[in-house]
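There's a structure below that I have some questions on.
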């Protein structure tokens, strides 16, 4: 049931765009597990053979955890933004859809990097994907701020905090792109900066 | 929790049909990424080989973006229609379900065209799919208008605008079918007319 | 946000079970399209070759439409039931989850039948799946009626109508099982009885 | 539409985390069916051949039912917890996301065990997965209790009941890990203890 706001200029509640966003994330997160392979062991299955497999498996589990947490943090950031947004219009919907297009690309980017991570081109592709996602957070927030689509009761200090948080991802992605040209395989570790920066931003 | 309207003639709120629609779109959009292949490079992986792959990849990314935006615009159009619809009955649910059947077919149609796009039959199939989807928008709107299932506070001018928007897709699909008989590979570009026509319709 | 009913005996709103049900249906419906194969034509792709493929494709599209409408009608029936249900308890949740287990099995059953439909065993398996689904509708309705979890304002005549509708699927499934022993390939056509019976029930 | 609570310390409604959780479960549950194989019978398809297949199929259906019910019980437990939770903060969101990471791993664990269930390492992996999931229920509940994010009208007796229920899964998982070292193939049956313990807890 659409939440009808009786204003000519506003056609949209944010409810359905949030449902679409949550759906895309739920699917992307759940599909990540399909990248973990169950072994097809030919010959006798002994415990040492399985143990060897578990060692290989641990790398795949690491990539799974990395992608899962990265995607979750993107969902969380969207979650935080839309918590303060009361109304939406056609432009906001389309900016969010374009952002979703790059979110839905993440499982591919991760897969690409996990297969050819020691090379600079896939790593550059992955980092570019992150940079674009990050820029979209700034775009969404700038647009909503300009149109003042926030709840009236919102605390201005919190809006400023979100604004600062929005710049974390693009900056970290640029750092990661820089690292790519030095040593591609080190590049993913740049993203741990997100968690460090976020904690410090809240303290300020 | 069903939103019970205490009227004998109306069995339905629009909430659950919207949830189903959003779910189907979220899945269809997220599954599009599975069509992009991670390369299985045999032999040594050099940067030039990867670069060659990136060039091939760019075509797949283009189809991904095209399908993503087309499906999103279909979701958006449904979104706009149901924003004004207050009540639903059994017939409206079934018309929407039939529409969804052709929406869920889009990933297949896109895949079919992307593999054999220079031939007229797959392109005709794709355009026919679009035409049927477009006709369903008109059917839904005609039915809801006849039954007057709109919110009472709705602005009549906006309903007329939606009505005009509904005719864009079928007309563009007919144009695309026409182009198929001239040069099939040009046919998909017809769909850019949607964005041009939509902008002009709002200006009128 | 859970809808908290301040009653000791009732732990549940129906909201989240409906979200789960809608999610499972949205995914099952969207995954059906994955059963349609894009041709892997080796050698030159001529229009006659594609046309031959389209003829083969038409059978797959028929199965797609059949499964899509059957699953949709199951979703619709659940939708109708829960429209009248105000409260839920632990037992109702579990009965619905068990029903969902057989719903999520439908893509497999359909696939099984579409590959070996001329044999009685897969067809029997499919019909048994339908029978169990049908019995669960009766179970859910009987339980909710016994506990009187309906909205207070519900019209008793409508509840009786739903009750009669619940018996359609099990009866049709039993007919289909009977037909399986005569001629398995005729068995799926039994399900068109659902639409005929439903129309007549509303007229009574 | 975000449910804005006008309090500085609380940034979150629980609505969107519940939507994400329901989405992940709906997908995980529906994807389980993809593990059931439709036979690729080469040569003539006779009823005895199909019957033999059905016998093999029964084992796969058993694993399907086992995973479906186990995952459903995890969804149900989350459902019960969040029914009493009114507010959420950043930490609660992240604990729930981490829990989801191990939930989304269940289809892999089940698949791993179903292929190599007679060996202790996959079974240990599966049971460890269960143990971690179980510990997260306790973490979520402990955190929410400490912060007192419950609805004001909640009955304290029910909170204590949930608290006791939370300890069932970790204890059962520890039992299952113990059984793994004795006879791995018996280990899954430990999980039937969940249903027995749950019934008795309610009686106390």
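Think of it as A, B, C and D in the order they're written, each chain with its own count starting at 1.
In this section, a residue touches a chain if its C-beta (ideal position, glycine included) is under 8 Å from a C-beta of that chain, and two chains touch if they have at least 3 such contacts.
Values in this document were obtained by computation on a predicted structure and should not be read as measured data.
Among the remaining chains, the Cα-based centre furthest from that of chain D is the centre of B.
Shared numbers divided by all numbers used gives the overlap of an interface; between chain B and chain C this overlap falls below half, so the copies present different residues.
Chain D has its Cα centroid 35 Å from the Cα centroid of chain B. Taking the mean of the C-alpha atoms as each chain's centre, chain A and chain D sit 25 Å apart. Chain contacts: chain C has residues 13, 19, 22-23, 26-27, 31 touching two or more partner chains.
If you check the complex, the residues on chain B that touch chain C are 1-2, 4, 6, 8, 11-13, 16, 19-20, 22-24, 26-28, 31, 90, 93-94, 97, 100-101, 104-105, 107-108, 111-112, 115-116, 119-122, 125. On the side of chain C, the complex with chain B involves touching residues 3, 13-15, 18-19, 22-23, 25-27, 29-33, 36, 38-39, 41, 45, 47, 50-51, 54, 64-65, 68-69, 72, 75-76, 79-80, 82-86, 151, 153-155, 158.
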